[in-house]
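In what follows, subunit A forms one complex with subunit B and a second complex with subunit C.
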Partner chain A sequence: MAEQFVGKASEFKDGDRQIVRIGEHEIGIFRHEGEFYAYSNFCLHQGGPACEGLTIARVEERLRPDKTSMGLHFTNDMNFVCPWHGYEYDMKTGEHVSNRKLKLRKYDVVQKGNDVYVVA
Partner chain B sequence: MSSPKAGKTAPKAKAGKAGKPAKAAKPAKPAKVKAEAHAGVAAGALVGEDKVHFVKAIWEGVPSSKAKAKGDKPNADKAKTAKAKAEKAPKVEILRKISAPARVEARQTAESKQALALVAALEAKFEAGELEVLTPEATQALVGVICKIYGANQESGNKYPLLSGRAAVTGTDAMITCSALLKAVDLQVFELGMWQSWSGV
Partner chain C sequence: MDLISDRGRRVQVDELNTTKLLAHAAKQTRDRKFDDVLIVDVDAHHYENENFGEILPFMENEVLKQLAMAARSKGGRGSVLPSVPGYQDMGGRVTRYPLRSTEKTDPGRLRDAQLGERWMDAMGVDYSCLFPTGMLNVGLHPQKEMEFELCWAYNRWVTEVALPQTNGRMFTQLSLPFGDPEGSLRCVETFGHRKGVGGWMVTTVRPKMPVYDNAYMKTYRAIEERGQTLAFHSGPSWGDHTFQSCNRFISAHALGFSWYNILHCTNWIVNGMNERFPKLPVLWIEAGLAWIPFVMQRIDHEFMLRPSECPLLKRKPSEYMREMFYSSQPMEIQDMDALECTFRMIDAENSLLYASDYPHWDFDLPSTIWDLPFLTDKARHNILGGTAHKLFKLPPRNEAQKQNLIKYGNYVEC
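Let's look at the complex of A and B:
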């Protein structure tokens, strides 16, 4: 495991992504709310490009006390969706949103000044 | 007679001693003996330090040409190992860059601000379960003016999505509203399909 230079922080705008290959690892690097996150680009479902689909706020259905629906709402938590079959992962943890036991491999991201490194 | 006996016996005894070579009977450390013999033969012409080196070489073996090269060029060897390490280290290959979705930057107007404030108030009441927050007349007027404004903007080239990502309108909501709109203007779904295929919208 070594730090691999993947780009300049100034080249990543908030919401930008970059897909890189480091050796045998294909990794998606996200910049979200100023923080960097890096996950394996292989979807846990069928190996699709998990990090290349939509990024979308998490949808919640709010219920009244009598369990009737108040409608769907977007929360402030961001998810990303595999474009093949819609597996949805939490941006901050890489966990599948409906089954938290499923988790994409997470890589550490180190920022040194303007340089961004992924530990892989 | 004694002297010839003695004379006879004496050479026998000598012969017996000579026939028993003491060193040959004890074959101890044959390798050393062999090596010494080698050294003795080959190093016969060598003197002093050269002889020492020669014997050492016989005992320890002569370093191969590769080993000599290693010893002679330590820096070259280091450079080789560094190069090999660099070749082994994984290379970073950038496959794709995906930019954040573009945001629609528009000039803010007083009416827009009022509309956003109205929407926030309506959302709050709707979330509280007040379904009749708008009268049918008010709903019709709002939907009508939004249809006109949106249609005119699209036709003039100012294209933008009708709903933002955070509107949380369900597919069912959209289908109900689309169906009601088509019905309100007396259009069938096949006419919508025909128009879409002709216009490319």
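Let's look at the complex of A and C:
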């Protein structure tokens, strides 16, 4: 397992992302709500750069108790979206939001002092 | 630059660089040695509205030209083409839409040609058929004379301005002003011989489109005599009466693309057009594949019960359908067994043509065909380019491609 320096934690603002390469691995590292998340940058669909697109809150449809719809709403859960076709992944798990069995490879992120590393 | 996200939040993303965006496609191209395979993309697009400043002056009628050009001038409040509501960019999730204007190209050469080369090189595509985008709605224009004028101008611009700047890597199936049968014939007779013209395209999103009308027979005959193709290019039309019950774009889009080809293909078959024009290659574009077995089964069933309504047919409708051509994108690949069944039913080895639809949001890479586990090598080569090579007479670009065309029985002198 190799560690790759990603950046200084103090310079990695919430909402930022970095793409690093370790050999054949191409990894997207996000900082979201103070935590680091790292996933394979190869989309499970057609291999697009899964971590390089828009981050956007998950959409839900809210129902009343009588099952009538209250319409579409953003939640507080964050997704990241492959820019090729719109495959949408859960920021905290790397799972595709429509099929949780589809999951991007997750990588460990290690913080040593102010330095952030990803492990592959 | 930044893009708008949820609740007005802005997200920083890189400026668009097609080569960088498609770096993973380029890796697939290298890994699969696509340089050795002739790959023809029969359905790719540009945004011709970005070139209307060059296109509209080619209109013939001075009054209509003035109307169209004035509508686009600064302060003009008109619109040249009918627009259809929709969210192709998924609220900016497919970033190449909002970022498109940020991509840098060199001055002095058609931007569409430069952008085309970038994605074609990344995907390993040798040739692509250039189709418009907004003009896919030209059939919704209430003025048939304006439809003719726009198609005429576009056809002139494509053949006189655009294709000459593509180093021979783009070809076209020009736009037929189908609302004007006489104008359609005039286009075929005027532009049919021009370099890079492989066939003719009918946009199928129209309020009414009788493909069987006697008014079109001269046009079909003229295309057949020239050895060219007739392509029906589908699209969505959320505003259409049929789709106004859809409250989500996904519904109108998923059904719309298939629906218009289902409709017109059924009319084409039932009216015996394949018997009338047996040497006319007909292509059905951008409707996916799942609709084809559906129509085959439905029409075969009713044909056995109501043969008196389609007396020109000498065989089952599905047999004629197997002899037509279909573009592969957007290929429904969620159930591999179903897809394999579809390939068998449509004789994909001989009828299916690879299409990317790039840069649109649901594009398919060549690997979507290449990686299918049930295909033979011959089928892979045929679908990716061998069959299109025969249809459009596109020469191989290197010796390895030529040898593969020969190996799989596809090579023809171009």
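Assume the second predicted complex is superposed on the first by the 120 of 120 C-alpha atoms of A that agree within 3 Å, B and C clash if a C-alpha of one lies under 4 Å from a C-alpha of the other, contacts with A are read in each partner's own complex, and residues count from 1 in each chain.
Going forward, a contact is a pair of C-beta atoms (placed from the backbone, for glycine too) under 8 Å apart; a residue touches a chain by one contact, two chains touch by 3 or more.
Keep in mind that this is a model prediction, so the values were computed, not measured.
When both complexes are overlaid on chain A, the residue A:47 reaches subunit C alone and has no touch with subunit B.
Between subunit B and subunit C, it is B that contacts the larger number of residues in subunit A. Looking at the shared chain after the overlay, A:1 reaches neither subunit B nor subunit C. By the document's definition of touching, both partners, subunit B and subunit C, reach A:74. Of the two partner chains placed by the overlay, only subunit C lies in contact with A:85; subunit B stays clear of it. By the touch criterion defined above, A:15 reaches both subunit B and subunit C.
Once the two complexes are overlaid on the shared chain, A:57 sits against subunit B and subunit C alike. Residues 15-16, 52, 55-57, 74 of subunit A contact both subunit B in one complex and subunit C in the other. Looking at the complex, you find that subunit A touches subunit B at residues 2, 4-7, 13-26, 52, 55-57, 59, 62, 64, 70-74, 120.
If you check the complex, the residues on subunit A that touch subunit C are 15-16, 42, 46-49, 52-57, 74, 81, 83-86, 88.
Note for the complex: subunit B touches subunit A at residues 89-101, 126-127, 129, 165-166, 168, 170.
Note for the complex: subunit C touches subunit A at residues 3, 5-7, 11-14, 21, 23-25, 27-28, 90-96, 361-365, 367-368.
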